[in-house]
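Going in written order, the chains are labelled A, B and C, and every chain counts its residues from 1.
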Amino acid sequence: MTKTLEHFTGISDCSTEQLEQLLDLALKISQDISTFENTRTGRMLVNLFYEPSTRTRVSFEAAAKRLGMHVINVSAIGSSVEKGESLLDTFYTIQAMGPDCIVVRHPEEGNAKALAEVAEPGVHVINAGDGTAAHPSQALLDALTLKQNFKQFSEIRLVMAGDIRHSRVARSAIKMLTKLGIGEIRLAGPAEFMPGEVTTAGTVIYDSLDEAVRGANAIMMLRIQKERISGLHIPGGDEYHREWGLSVNRLGLASEGCFVLHPGPMNRGVEIASEVADSRQSLIRSQVRNGLYARMALLLNLTRAAY
Amino acid sequence: MTKTLEHFTGISDCSTEQLEQLLDLALKISQDISTFENTRTGRMLVNLFYEPSTRTRVSFEAAAKRLGMHVINVSAIGSSVEKGESLLDTFYTIQAMGPDCIVVRHPEEGNAKALAEVAEPGVHVINAGDGTAAHPSQALLDALTLKQNFKQFSEIRLVMAGDIRHSRVARSAIKMLTKLGIGEIRLAGPAEFMPGEVTTAGTVIYDSLDEAVRGANAIMMLRIQKERISGLHIPGGDEYHREWGLSVNRLGLASEGCFVLHPGPMNRGVEIASEVADSRQSLIRSQVRNGLYARMALLLNLTRAAY
Amino acid sequence: MTKTLEHFTGISDCSTEQLEQLLDLALKISQDISTFENTRTGRMLVNLFYEPSTRTRVSFEAAAKRLGMHVINVSAIGSSVEKGESLLDTFYTIQAMGPDCIVVRHPEEGNAKALAEVAEPGVHVINAGDGTAAHPSQALLDALTLKQNFKQFSEIRLVMAGDIRHSRVARSAIKMLTKLGIGEIRLAGPAEFMPGEVTTAGTVIYDSLDEAVRGANAIMMLRIQKERISGLHIPGGDEYHREWGLSVNRLGLASEGCFVLHPGPMNRGVEIASEVADSRQSLIRSQVRNGLYARMALLLNLTRAAY
């Protein structure tokens, strides 16, 4: 049997077998969630968030509660963080209260991993986003969403478009899908948004979204952070949409029935047209739902009871 | 049997039978809460609040928890709302996580109803206040409080005083009590605070609180929002209290034992004298307690198990 | 049998027997927490916090949840407090919702006690810090930590160092440990940080930390609030550390194996050196863990079931 995880800090820290095991479990949960409910009664999860977040925090909270776990939310705002306590000391404090899982979101890269290294046995650290580096539970739900809609990963020709350079979502998804043997990953976006060499091994960069989309059977649009656009040689709003947004027409260049994904929150009319977001080809709401299943699978695996 | 509710967006969207059924159930809960506890174990309620609120949020949270439900709080502050996501997209995201009930408070009128219209089957939307339009669960608890203290609604001569125009509490209470067959509703307050024709069908407007109070057997004082007074031809603080506040003397003009209600939070010394708020005729704390019962009844009805 | 507590507002309001009973129970919990879990299922605790706090709020929340209690958090930020409601009215509102325990943190002295005096039977008020006056549950965990490491309180020679004057932690700990018969309490810190006569009965004031530390077998360093230093004739940062911080060298002046405590959050390099905080003599993380046990004991005692 595949080794269960001790922590979940990044896709690179998991074996392919572990990732496949997580996906298989998440798929089972999606088929019959009631079997898994209340199987971790009395366990405790702490959400330790140094950046605001609705969807990720709520998704972990809902996943944990469905499993019967207690959930305690700690936000950096209004906490002893304001009193200047270091992340490490805050972590030690939280850990001393005996949680089973600590979910960490932090604006700086590498922090979840650093905390995992000092965690006591039995305390499992989950990276819910560290800077622009990683967001591995998002990658898990993205992979689950693709798995539900394709026979095998090798047949998927995925376009990821937008601000790849600053996207932890993209970074984790690329690693995850590469490990799972995805057929092709094409990256598209303004030059300033393209990543360096290392992070994109096995991917191909396009400088036209029209070109990238041709023949694709899945397109993942990334959120554009408007404040990032303003300082760069990148067109804003409508103009961005014309060049780099996913419109109905542009989607028409892809394979028939090509699926559309977006991690949210969306800027409708900027990186994605409303008609596309709400179309039958859109898997965007499935992604949110799968976030629940993926995180339940993750918590079950980390807290290692039989299932 | 009366049809259970699908959503609870406004008093006008409920039949009189449905409202009476809710009240009857709330009354039963108030008589023996323990029978109803943990009858919705494992269900999930999300509080989606775009305005700050203690009492309403906590009341729904307490009601849900007493029923055994999981509760997840989402506040617009520190959420993806800040990232510019639309209300509708946030709602779809929350909904995709599989809650049974979504309680929405929003500063703009009509939003809860709009969300109810797009909700998936099995997801019940509750309006916890939309702009100045409606606050129907408050009307429910107000009606319950009156029901506990009068033999029948037809014998009630109720004064509502203060800023009727901007009060969703007043608007919902008037609709609710009218449907229940209240004897009389008298509205009193500065001219700028009086409502237009439509919202006040079946009510009588007084331009003197002394006049309105004479012979009344229940008085509901509304909160004065001080920032609203300053721009208008309305006296502030002490002077407001003299003209439009409920003092011991003024209460003395009403029927003997006349009850006093206030939805809170109170401005003591402005719309209500402290002696009145704390007197034996005051039902203000009963209202809060009844908020728990009314919301438990509402959640039980919406989630439609047998009871 | 010793009388259980009705409220927990300050150490002075408890008999020595009651405090010892709490400590004995906390010790038992620390030895086998699982026996006590879920022994208060369905009870409700409200955290009513008028000051930001991570550790105290989370500690009460974790303690209550381990006991199976529902927990509702109310923070003064984003609440009806902003709408000008008085503390007393907010308390009445919370109380009307039927909680078993209300944990209050407030910036002004005496407020928890004032609320306890108006609480209904069956509602237990816990002071989680009022101004600079008291933080009795912190004193409980400090005493528990010492109890675990000494055969008896009479053999303890404790140094408390730093801003005693403004520290509710110090104030409550001194009262608690004096009642428990501690051998000796020595206070050290800049003159501006030393307390008046009354609060320090039974303690000795030192004007040199080196002198105070000699022969001590426990040292509790208090947090320095940097904003307090700036206005006074007190050296900042490094200079403060040289004169009043606990360095490895200074700790070497104490008895061998002298224990180190700190209520957190720490300013490493100011009142305490990192090497000291992380040394084997440090009980700082035990204190946090004991906070959980102490608060579970407190909640069990207040809610008075047999144990």
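The working rule: contacts are C-beta pairs under 8 Å (C-beta built on N, C-alpha and C of every residue); 3 or more make two chains touch, one makes a residue touch a chain.
Source: prediction; values computed, not measured.
**Q** Working from the CA atoms, figure out how many degrees subunit A turns to land on subunit C, in steps of 5.
**A** 120
**Q** For the homomeric pair subunit A and subunit B, should the interface be classed as same or different, according to whether the shared residue numbers exceed half of all numbers used?
**A** Under half shared, hence different.
**Q** How far is the middle of subunit A from the middle of subunit B, if each middle is the mean of its Cα atoms, in Å?
**A** Using C-alpha averages as centres, the distance is 40 Å.
**Q** Please set out, as single numbers or ranges, the residues of subunit B touching at least two other chains.
**A** If we look for residues of subunit B contacting two or more partner chains, we find none.
**Q** In the complex formed with subunit A, which residues of subunit B make contact?
**A** Going through subunit B, the ones touching subunit A are 42, 44, 46, 70, 72, 74, 78-86, 89-90, 92-94, 96-99.
**Q** Show which residues of subunit B lie in contact with subunit C when the two form their complex.
**A** Within the complex, subunit B contacts subunit C at residues 33, 37-38, 52-55, 58-59, 61-62, 65-66, 75, 77, 223, 226, 264-268, 285-286, 288-289, 291-292.
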